[in-house]
Every structure is written in structure tokens, then in C-alpha cells.
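What follows is subunit A paired twice: with subunit B in the first complex and subunit C in the second.
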Partner chain A sequence: MSIVSFLLIIFTSLFFTGIVIRTKSIFSGRKGPGFFQPLKDIRRLFRKGAVYSKTTSFIFQIAPSIYFASVLMAIFMVPFGNQPGIISFQGDFIFFAYALALGKFFIIISALDTGSSFEGMGASREALYSLLVEPAFFILMGSFALLTGHTSFYEIFGSLHFGSYISYGEGTLAAIVLVFIALIENSRMPVDDPKTHLELTMVHEVMILDNSGFDLGLILYSTNLKFAMYGALIANFFLTPGYEWYYSLPIFIGVQIVFAVIVGTVESFMARFRMNHNPQYIFMLTSISLLIFIGVLILKKFV
Partner chain B sequence: MSNYIAIKNNQTIPVQNIPVLDYEDFFALNTGLIQHEENHCVSYFGYRIQDKLKLTCCMANDTDGNILISSCEIKTNAREPYPSFTAHHLSFHFFERELHENFGINYAGHPWLKPVRFSFDRTNKDSRIENYPFYQIKSEELHEVGVGPIHAGVIEPGHFRFICNGEQILHLEIQLGYQHRGIEQLFLNKKKLLQRTTLAESIAGDTVAGHTTTFVNLWESLCNYQADEDLQFARTLALELERLAIHTGDLSAICTDIAYQLGSSVFGRLRTPLINFFQIWCGNRLGKGLIRAGKSNFYFTEGLRKQLEQLLDAYENDYGQMWEEFHTLPSALARLEKTGVVTREQAIAIGLVGMAAKTSGIRRDVRATHVHDLYGQLNHQPVVKHHGDVYSRAHLRNKEIRQSMGYIRKMLQNIPQENKNRRPLSSPQPASFTLSLAEGWRGEICHCAVTDKDGELMHYKIKDPSMHNWLALALAVRNNEISDFPICNKSFDLSYCGHDL
Partner chain C sequence: MDMNIEYFNLPFTTLTGLYTGIILTAIFSVIFLPFLRKEWKGYTALLAVFINAAISSFIAIHALPGESVEQTYYGGNVFGNIPVCVDGLSAWFILIINFTCLTGVLYGIGYMKSYEEQKRNSSLHWILFVLFHLSMLAVCVLQNGLAFLIAWELMSITSMLLVIFEHYRAETLKAGINYLVQMHIGVAFLSIAFIWVYFSEGSFDFAGIAAFFIHQRPVWPFFLFFIGFGIKAGFIPLHTWLPHAHPAAPSHVSGVMSGVIVKMGIYGILRMVLYLNTDLIRIGESILILSVLTAFYGILNAAVHRDVKRMLAYCTIENIGIIGMGIGIGLIGKGIHNQYLMLIGFAGALLHALNHSLYKSLLFFTAGNIYQQTHTRDMEQLGGLIKKMPVTALLFLCGALAIGGLPPFNGFVSEFLIYSGLIEGIRFGGGAQFSSVMVLCIAALAIVGGISILTFSKTFGTVFLGSPRVVLTHQPKEVSLAMQIPLYLILFIMVMIGIFPGIFFDTALSIASQMSGTISVLPEVMPGISPVIVTVGRVSLLLVLLIAITYFVRTKISSARTITVQPTWGCGYVAPNSRMQYTSKSFSKTFAKLFSYITTEKKKYFEIAGSKIFPLPRNFQSHYHEFFEKNFIGPVNNRIFAFMNYFMFINNGNLQMYVLYGFFFIVILLVATFFNLL
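Then we have the complex of A and B:
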């Protein structure tokens, strides 16, 4: 049964971006494309051949596959309520973070491989933001490891008890931090704007300017998967263990939809940040994580 | 005798009345005039007369509405370089670069005779964009980013070369000229008035009313024709409608560039009915075909008035709400304020015009200083902002939108009767010089014409406000982040084809 979470994430990834785009369309007064339009675009790309620039090396050709594989690998470790992920071991959340980092590393060096000045800028921005996000994620997961005394996703989420007001607060803060991390890692607003056509302001989009056809399809689909993956992580805070699947399943899907609608709403009603404000903003997540950590210390000491 | 002649906007004078000076006096006169802040150069051009080149410099005085014309004849194959105006005042840089490029005049002390456009008829045919040496700074820490000539949003072509220190722009070089169509030459080649009017409509697609009004005013003055009030009414209305539509579209584009979706879609939607009104009026969304010299094919009827009033009522309400939302949104203000600043000193030095000048604290608006058409009745007071940043330019648009709406409503109260039997246009006066200024939505448009002894066009000179203002963009982005370039660029919204001609 450990395959449940994997299948659910694949399933949600099919319509997640569709919901985001539809939300934005409705807020801007348009009808918008169908929920499955992003998926259809990816299918179209999958049927195309890729074009490679003469200045690129084999790195550029293997990077999209590695990126895709790294996201899949990370998804293997995400549990679903009281079901562990396909892979589960002590300290798997560290492996989770670095599997994703490996994929990102390859996308970054493949962007540098093209020799384009735009892609170099994008790579530098992406590397900086990922670097800044990392402490937030580790302090967050470390705090919960300390709280529960376990070091794997499955056990941490399985033994989270929300007993006191502090721990409810912790859960809420953690969900917020994860939403923000997901937004940054997926290069969404307010840090990056996936819709922009301006190379100079892009972060993630500019790194994949040279990718085409199948490779581009892989990268785009990985983004959908990553969104659903973070959605699943957030959902895990709300899936109290011991509940039957007919409770867990609607909660899981519901959390994913709410998450997608939040992303769409944020992107409709605010402007994106100036590039040099982004690091400050991302550091804020680390400080929220530190708050969680202090909360955990208080819980361990006094409760 | 004075060494210049003062004329008013749209006034025709015999060419022989323009004093011809030697280069020293010409130089001293014009570099002296520009020291006064009220004067700025609206056009400075040359044309061949036998083996000589006749330079004509037109300085506009914003206080008394005079335009001071002086001229000079020089040899193009002179060994000695001529002293450069630009060395004394940077605002001449564009005109001298153009003269250098077209006629091979050498200048002493010009800071950078950078090519304006790589036209087919330039003097030095070996200098091409393929071998153009872009400005470089040698340093390990710096990197270059080249953008274009194909625009990411597929608008118009232009090349931007940034030299950056990390994310910060140290220097931006803008190289245009990819759209050179030889419009000024076409004005001479095409002999029919209709052909020429159509050419004027095609100078810049977003300023059809601006350039066409300037052309027809010039042509009517050249033919000694006083336009009826209903013609002037249509031109003024078209200019203000165009300003309203493009400013709204620009606000939408500014929102798009900061990824503010609500503003982008609402302002975008508000722009469409305005543009479509041109379609209802004259059958073309850009207003082509509306303005003709000495006649009008589309009288502004009572039915049109009702439609426009309804349209404005609907527009005003939605626009007001959206602006309120936009200019109080912290995330939007954080992007716009203190971004892309052009100081007043810079603005004066480079001779900024139009919207960009008005946001840097210069009161320079043809509608107030060199009135034409019905602007005398409207008693226009230019909006002036002082910060010179992207926010000022957005805010100025808002103020001008409201002002234009007021003017349109005022004009609609009193629509002049159509003159059914108009006097036909005569042919242009021989050996004359005319200058016409109009305030397009972007700024001051200047057209000059010189006729020969048979009344044929001998030279036609067009100046779009973009020619002055592109340099302001290059200065504004310095020390800003490279990711703020698109928003700076959009806040000026300059024309590529208007520059390239």
C-alpha cells in the first residue's frame, strides 16, 4: 500500500497547474483554458524532437532527464497519512532535499552549458534562491524530528500529535512555510513570474530557454509533479493517522485544490518583488522556521 | 539684422528670409540660445544645395512660443572638422550623429558619433551592424548581456547591450535602426498628397493621429490654407483620444511587466473600447484615414458624440477604481518608486521632451507653449512631476488620462458644424520653409519642409520624440537592476520605427 501516495501525487499533478491557471483566468475576467490544457501542451511537446545548440555538451542533453528523475525520487519518499512512501528510512527527509538539489544542480549547469548570458543570470538567481531556501526546510523538518523523536517523513507525520495550543500554532506555521517554499522552489510569484516574456526578469524560465521538445516537456511536467509533491507534504500535516481512507482522500485532494487556488490568487492580486528584495523575503522563511524550532524547544522542556 | 528669424508654430516663410550665417556665427548663436533653459532644439538638419550642405537649426522657445530659425552653408568635403554643438550641449548629439552619418561631416569634440541607423544611403557604406564595435569595458567582474534585435514580446526590433556588475547595470548601449524605411526620402519621391498623408500615418503606428496632424498642419500652412474649425476639432479630438488609449494601454503594460495580473487585464480591457471607437469613427482602429489635409472624410456626427459619451462614462468609472487599486498596492509601489530615475539636470542636458520631460520637472508641452488646432481654446496646463522615476511616469499618465477625458467632454459640448463647401487646397508655395509642432501622446513631434522654386518638396524632416528620449532610458537604468530594465523601458514606451524612420 506504500504506493498510494505516489499514485495520488501523479494524479494531482495532472490538474494542479490547470487549477492555478483557471483561477488566474477567472480573477482576470477571462474564461481561461481547460484544466488539462497544461497537460495537453506537455503531451504535444513529448511528441516533438529536441533541438540542441552546437555550443552545448552532453550535460545539456542529460540534465532534463536527471531533473525529472530527481523529482520522482523525491516523490517516492512522501508518505500519505499512515502509509509510508515507496522508500522510507531514517533521515529520508535529508535525502529528499538533496535528491531535489541534485536535479536542480543539473538544470543549473545545463543552463550554464548553453553559454547564453541570459541563462547564466537565471542560473545564478536560481542557485541563490535555492541556497537561501535550504535552511528554512531543514530547520522546519529538524524541529519536527526533535519534537517527535523520529527522523523519517513517515514517522514524523505519523507521530505528530496536536495536543496543545503551541503545537497547533506549530502546524499552521509549518504549513505556511511549506507553501512559501513550494512557491519559491517552483519559481512562482512573488519571487518569479512564470508568465513573463521578458528574459531579463526571469529566473527559472530563462534557464530552460534553450530546451525544446521532449526535454522541455520533461521539465514542465517535473514542475507539475513538484507542485503536487509539496501539496502532498502540506496535506500530511492535516492527515491525522488512524483515519480511514475515505476521510484521508478527500482531505488530501481538498488540500491540493486549496493550495492551487491560493497560488492562483496570490498571482492575480499582487505584483512580483523586485529582484533584490527576494533574498530578504526568503530569509523570512528561515526565521519562521526558527520560531517553530523555539516552539518545539518550549514544548519539549515544559509540556 | 538679426541672425535668426522667429516664427510661430505652423508658419510658412520664404527660405530666403532665413539668415544664412557662416559656421562660427551659426555655432555661437545656437550654442548660446540653448544655454537658456526655455530654449530647446526641435530640429536640426541639413540638405544638399549643389555642392554645399545647408544646415538649418530650429530652436523652440517655450516661454513666448517663438521658434528661432537660423541656417548655414558648409562644404561637406572640408578637411578641417567642424566644432561640435554637442560638446557644448548634449541635446544636439542625435542631430549631429545623423548629419555625420548622412553627409560625412566630421565633428571636433563630439563625444560619441555613434551610428543612428544603418541606412542604405549612409555615407560610409563599410560601417554595418555586423562589424559595429559595441562599447566595451574590460574587467573580470563585469559581464555583458545582449538583448535583441528580436524583441521577446515580438514588438519592434532594437538591440540593447548591457554591461552589468552582477545584477546591477553599469552601462546600457542602445542600437536601433533596424526598421529604417527611408520615410523622409519617400516623402520626396511620392508626389501625391494622398501618398504623403499615408506615409505620415505610417511613421509610427502608435502615433497615427500625432504624426498625421503634424503633417496636415504643415501642408495646409505650406498651401496657405486655413483649416476650418471642424477639421481642427477632429484633429484635436483624435490626438486626445489617442493619448487616452495609449496611456491606458501603457498602464496595462506596466502592470504586465511587474506581473500584476489584475491591473494588466483591467487596463488592457479599458483600452480596447477606446481604440475601437476609432474604428467606429473612421473604419480603422489606429485612426488611419481620419485626418486629411484640407478635408475630412469622416465628420464627427451627433451619433458618434452619444457613443463616445457613453463610452467615457463606462471608462471613467472602471478606470477610477482600477487606478485606486493599483496606486495603493504596496507590492506595485515597491517596484515603481525610485526605479529608473532621470534627474532634472540630466533631462535638461539631453533635451528631453514630452512625457519624460514633464516627469523630470520640465514644463515642456507643445499644447501649452506652441498651440495648434483647438488647444488655444482648451487653455492647456501641462501636468509636471518632479521625481523622474517609473512611478512618476505612471502617475503622469493617470493625470493626463483624466485631463484628456476632461478636454474630450468639453469639446463634445460644442461640435462645430461641418463646412460643406470647403475651399480646395492650392499647391504649395515655392521656395518656402514650414515647421509644424504637435504634442503626440509621447511628446513633441516636429515636421519641417522646404520647397524649391517650383513648389515641389525639396526636403522633408521628421522628428519623433523618441529620438530625444531613447538616451534618457539608457541613463535611467544605470545602477538599477537589470531585471528592472523592462519596467523602465515600458514606462518610457518609446518608438523604434519613429526613431528609425
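Then we have the complex of A and C:
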């Protein structure tokens, strides 16, 4: 049964970017591409041949696979309400973060492998922004470890229950932090604009300029997976124990859809920040997670 | 355990014989090395180190499960009894020393080939290496303050002389003297601490320290010990020798220095921690906070520096911080009687010490490969080496992943332990005080991990990937097999710890439980931790398998498709050259600006005047200041120098004057005796 969350995440990942794109086209009054266009793009890429740069080495060839595998590995650890993930052990969220970091490391060095100044620039930004996100995630998980007394995703979410106003506030703030983390980790607005046409203003897109064919497909699909994965984490805050599957399943899907619509809405109504404002913006997440921590201290009657 | 005592107890004569064997090996190699042919010197040193390592490992493995092998020798009136004791803690460090020194010598033989012609210099080098190994072993086993200090001093001096192998270079000599002076400041603190204990307890024996810590408040004496050992370990602000000494030394020496010399400081601190039983929380929290700052400061500087070996030296500082965090967590756990926290903290520190010695020596050795082939340590001069030196590149990559704490390598296992300790501290820390400290530490550790990923993606990317930035006069090629073998050995152990951490962790755990002092460890606490670590190893293996499957599928599918090779996409620009690549400076520039109050940048350039229509070639220089050197040590040094200037007339270089000073001294003594002043 522990495979449920994995299957659900894979399932939602198929629609996620479709919903984002539909939201954006509705808001901008366009007819827009179809629901399955992102998936069709990826399928097309999987069938294409590839062009490799002369400068690159085996790092460039292996990096997309590692990136994809690291995201899959992280998904293995995400629980679904009362069901643990495929892998669950004490401190699994540490492994979760570090597996994702491994993928990021390789995608960064594969960008440097091309020897292009643009891709180096993207790599530098990606490394910087993802390092700034890390503390927020760990403070968040630390706070919930304190609140519930457990140290794995499954046990934390399994024993999380909201009773007082503060705890509702905690849940909401945590969901907000995770939405922001997901936006930053997936290089979306307002940190990065995936649809920009100028390489100088890109972060993630410029890193993968030289990737093509199957590798590019893997990278793009990993983005979908990552979205669905963070969506599943957020959904877990609302899948408090005691719910039967016919409640939790709609809640899960509902949260994912709302999350996708939020992403689309943010992208429709916000402009990308100036690059030098991004670090401040990302640090804000750390302060929100510290708020959560203080809330937990109050809940535990420490303060 | 009772049954085992019989088995583990080595008889007195055997043990004395073994110790004599170690010392004799060292003496023989010292006497005979200079007379050997130049190509045999390295191998003889290898043989000597190997014999000593084999003997000491034999004793250490006996002591590792917890039965300490103890022997007392009488050292005359001055020393008193000298206990020579190999307990779990010493055994752990002895094994680390032996492995790193062995791989160091093996690598050094290949590395020193090009210096073979300097016959006297290389004889001295190999003699010193053997002595250096011996002195570190002695530091681990001697439990008499005075004897310990002598071994400690021997270790400092031999390592300093090893650092200045290329003594004909001014900056190497300067780094060596800097190191020597700082080490002696450390020795001064240690001496004061040992003498303090001596006056209170009447003995230099380490057992006296334990007694001393019980009936005295241990904070101040421990503080002295911590400074003395901390200088060796490289806690801020005592770290300033590291970034100078490591780049100056030959690579195998810097590998061994960073791998084990620095760990001797950690050993000393752990040894003193062993005797602590009061004031644990205060000391633990101080160490934890200092360590977090050390880790952050170290990695921050590593991220901005462009000299490969200097970057690695700063990374050593970072890792010392992480080890220190483990010690701090362990102490807090001991203080609040949380056995799980205590065990996980100390075991994490021990395991990270082992892991760091492995991947740091691997990284320094690969940096040596780069230096040997390109004769530069400046990242901005390198690039594209992965095509010329694929093995070095791969090994460096593994080291970089391990030091970044990424699975499936060993660095992740120990960082996981430290994280688990912090989470445990947040969870059951006993109040807002501990939870808050630990949550800030976990945030700091997370950001340190992030910065180390930035640092090593930058380093690996600029040195090995892309295309060469400068045309080198000698084309680099892969190093000889002899230089590769020790690196593979290290990598093998690293992967073993990463995938099968159980056995290593259990050993560290049993040593950690010996460190509990008066608090007895309940037998049911220990088994709870090991399965998690074993799972971490298995999950890492799963990750590797998943990567392999993905890559296999990807290769299968794309091999059926057409593959073309083209120049890198230049975004429409058709004449890119290799100087346009992102440099290491530009890679970390945005990051460095965020923390510009610590990593202050110094630029040297002239603005182009508006009147100049045809600008001439110009220079632009930029480098980063070391915060502590610039703001604290530099100004204090300058004051001291300025003050000392007034006494320059004494030191005037005339021999006659010096003889006169001696005469004055005798006269003063006579007069003083005459008036009964002395």
C-alpha cells in the first residue's frame, strides 16, 4: 500500500503543468495550448535525436539521468496521509533534501560542462538560490519534529493534528513556505521567468540551453515531478489522520489543483524580480519558518 | 565482555616489544635513509611507515572494542610515571592516522619523483615523514602531560619542516614560520593548562586531569586546553595558519596535514571532554555555537577563493566546524542526560573525523595531480582538464560529492548523524533554550551544505569542465598509475562507508559510549540508532541503482536516435572563445556580495579617463581579504611591531654587543646574589 503516494504523484505530475498553462491562458484571455500540450512536448522530445556540444564530456551525458533519478528518489519518501512512502525511516527528510541536492549538483556542473558563459551564469544563480532555500526547509521540518515528536515524514504527518488557532496558523504558514520553496526550486516566478526570451535574465532555462532530445525530456519531466512532489507534501498537511481514502483522495487531488492554479495565477499577475532582489525574497522564507518555529514553541508551552 | 578480556589482554613483554619495534624502525630509517640511492628513499620510508602502521594498528584493533591496552613506564623524576594507553578513542585516531599516512607515502613516492634530484632535501623529507607518523602515534597514546607535550612538539616541528620542503620560495618559508609561531602559541596554552593541573594534583598524569575537573570548576582550565588544541584543529579565530600552510606544502603533506594533523586537535579536545563531568551544558553550547560559526566562516571563504589548495584548506575549517558540532551536541546530551543525543553527537563527530580524513586527503592528492601536471593552483588558469586527466577528474568529483555531504558517499552518513542529533536536540532538548539553539544550528548546517555544493560545483566546473582558459606550455596528461592507486584505495573505503556504514558506525558508537564518563549508557539505547544508519546506506545504494537504471534506459533509447556533435550554442554569437567562459570568480561573485561584510573584496584598477581615445592594455586585480587577518590579527601585529621598533637598538647585529649583554647579565646576577635578591 505504501506505493499509493508514489503512483498518485506520478499521476498528478501528468496534469500539473497543463493546469498551470491553462490558468495562464485563461487569465490572459488567450485560447492557449491544450491541457496535454506539455506532456506531448515531452513525448516528442523522448523520440528525438540529440545534439551534443563538442566541449562537453560524460558529465553532460549522465547529469540529466542523475537529476531525474534524484527526484524519483525524493518522491519515494513522500507519504500519503496514513500511508508511508515507499521508503520511510527516521530522518528521511534529510535524505530527501540531500538527494535533491545531488541532482542539482549534477545539473549545475553539466551546465558548466558546455563552457558557455550563459550557462555558467545560470548555474551560478541556480546554485545560489537553491542554497538560500535550504534553511527554510530544515527549520520547517525541525519545527514539526518538535511539534509532533517524530522525525520522519510519515510519522510527522501521521501524528499532526490541528486543534487550536495557532496550529491552524502553523499549517497555513507551512503550506505557504512549501509553495514558495516549490516555486523557487522549480525556477518559476517571481524568482525566475521560464518564458523569458532573453538568456541574460534566465536562471534554470539558460542552464539547459544545450540539452536536447531524451535528456531535455528527462529534465522537463523532472520539473513536473518536482511540482507534484511538493504539491503532495503540501497536501499532507491537510490529510490529517482518521480520514478514509474516499476523503483523502479528493483532498489530495484538490490541493494539487489549487496549487497548480496558484502557480498559474502568480505567473499571470507578477513580474520577475530583479536578480539582486531574489536573495532577500528567498531569505524571507527562512523568517517565515522561524515564525512557525516560534509558534511551535508557544504550542508546546515552552514560552 | 568478561570472556574477551583474556583474549584482548596483550602481555606486558609483548607490548613493550611492539613499542620498541616502532621506535627502532623509526630510528633505523632515520639513520639509513640518507645513504640510500635516491630512488629507494621513498620506498624505505614507505616500508618504515608500513611497519609502524602495522604494529600500531595491531594494538589499536585489540583496543577498539573497548578493552584499553594500558602500560605504565617509569620516566625518571621529571616525568614520573608515563602511562602508555591505547583506549577506544586513541585506537580510532591511530587507525585514521595509519591509513592516511600510508596512502600519503604511497602517493608521495609518485609525487616526489620530480624532486628526486634534490638529494639531501628529499632524504630529510622522508626522514621527517617517518618521524611525523611516529610523533602522531605517540600523541595518541601518551597519557602523561609532559611526555604528551614533547610528542606534540615533535609533531608540530616535523610537520612544519615538511611544509617548507620548497624552502627556496619566500612564500613557502613565510607560511612555515607562520605555522610554527601559531603552533607554539598553542603549546604555550597547553603547557599552562598542564602545569595548572600539575600544581593542583601533583602529577602530569592524565588521570590527574579527571580528578582536577571533578573538584575544580572545569570551565577555565578546559578553556586553556581548548585554545591549545583548537589552534591545531583550526576553530575560528585560531584558524589563520591553515590557509597559508596547506597551499605551501607538497600535496601529499597537505593531504596528511589536513587529514590527520588537524584531527590531533580534535583528538585532544575529545580527550579532555572525556574527563569533563560538570558544567557540561555551558561548555557544550559554547562549542556548538563556535563550531557553527567555524563551519560557516570556513565554507564562506572556500566559496570565494580561487587557489584550489587554499579553497580546500578553508573547507577543512568548515569540516572541523561540523565535527565540533558533533562534540557540542554530545556534550549537551551528556549534560541533560539524554543518552541518545550524547551517543549520536560523539559518534557523529568521530565518524565525520574519519570521513573527512578520507575525502580531504583524496581531494588534496587530486589537487596535487593538477599541480604536478599544470604547475598552477589558480582555477582561473585551468579548465577542460577532464579530457586530459579523466581519472583525476572522476576522483575529484567523488571527493567533491563526499565533502558536499551528498549521498551515496561517506560524507552524507556523518552529516546525517549530526542532523539527526540536532533534530533530536530540538525534539527532546528540554525546553526552549536548547530547541532554539538547535534550530538555528540546523539552519546554519543546511546553509553550509548548500554553500559547499556551490563551492565544489564551482571548483569542479572551472578546473575540469569547459575548455582550457590558458594555453599551457606542457600539455597535461593523466598521472602515473602509482599515483592513482592510493586514490582508488581511499575511494574504496569512502564508498564502503557510504553504502555499508553499519560496521563503522557501530565502532564509533561503542567508542562514544566509552566517552559517557560517569553516566552509564543503558544497553537498550544503543540498538535504536544503528538500524537507521544501515537503512541510510541501503537507501544510498538504491539511489545509485536508480541512477544506473535511468542512465541505462536513456542510453538504450538514445542510441537508436541520431546524435550530432556541434559547437556549444552561443546564443547567436558565432566567435566565442575560451576566455569568455564563466570563471570561478564570476560564479561565486553574487554570493560573495551577499556576505560582503565578511568576504571583503579588494580591487586594484584605474578608471579609463574620458580623454583617452585609444586605451592601452590595463590591469585589473581583485582578491578577497581574510576577515580575521585583516581586522584582528593584522592590526594587533602592526601595533606590536611598531612598539618593538623602540627596542631595535638592542638587536643591532654587532657580536660584541651581544657578548656585552651576556656580561651585563652575569653582573646583574652577581649583584643580585650579593644583595640577596634572588
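Heads up, the rule we're going with is that the second predicted complex is superposed on the first by the 301 of 303 C-alpha atoms of A that agree within 3 Å, B and C clash if a C-alpha of one lies under 4 Å from a C-alpha of the other, contacts with A are read in each partner's own complex, and residues count from 1 in each chain.
We take it that a contact is a pair of C-beta atoms (placed from the backbone, for glycine too) under 8 Å apart; a residue touches a chain by one contact, two chains touch by 3 or more.
From a predicted model like this one, the values you see are computed outputs, not experimental measurements.
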First, second, both or neither for A:121, with subunit B first and subunit C second: both
Comparing the two partners subunit B and subunit C, which touches a greater set of residues in subunit A: C
Which superposed partner A:199 touches (first subunit B, second subunit C, both, neither): both
Partner chain in contact with A:28 - subunit B first, subunit C second, else both or neither: first
First (subunit B), second (subunit C), both or neither touched by A:41: neither
Which of subunit B and subunit C A:189 touches, first, second, both or neither: first
Which superposed partner A:218 touches (first subunit B, second subunit C, both, neither): second
Touched partner set for A:65, first subunit B, second subunit C, both or neither: second
Residues on subunit A lying within both footprints (that of subunit B and that of subunit C): 117-118, 120-121, 199, 275-276
Residues of subunit C that touch subunit A when the two form their complex: 383-384, 386-387, 393, 397, 401, 404-407, 412, 415-416, 419-420, 422-424, 426-428, 431-432, 435-436, 438-439, 442-447, 449-451, 453-454, 456-458, 460-462, 465-467, 532, 535-536, 539, 542-543, 546-547, 549-551, 554, 557-558, 561-571, 576, 578, 580-582, 586-591, 594
Sites on subunit B touched by subunit A in the complex: 143-147, 152-153, 167, 255, 257-262, 264-266, 269, 329, 331-332, 334-335, 339, 481-486
Contact footprint of subunit C on subunit A as seen in their complex: 46-57, 59, 62, 64-66, 68-70, 72-73, 87, 89-91, 94-95, 97-99, 101-102, 104-105, 108-109, 112-121, 123-125, 127-128, 130-135, 137-139, 141-143, 145-146, 149, 151, 199, 209-210, 213-215, 218, 275-276, 279, 286, 290, 293, 297, 302-303
Subunit A to subunit B touching residues, read off their complex: 24, 27-30, 117-118, 120-121, 189-190, 193, 195-201, 267-277
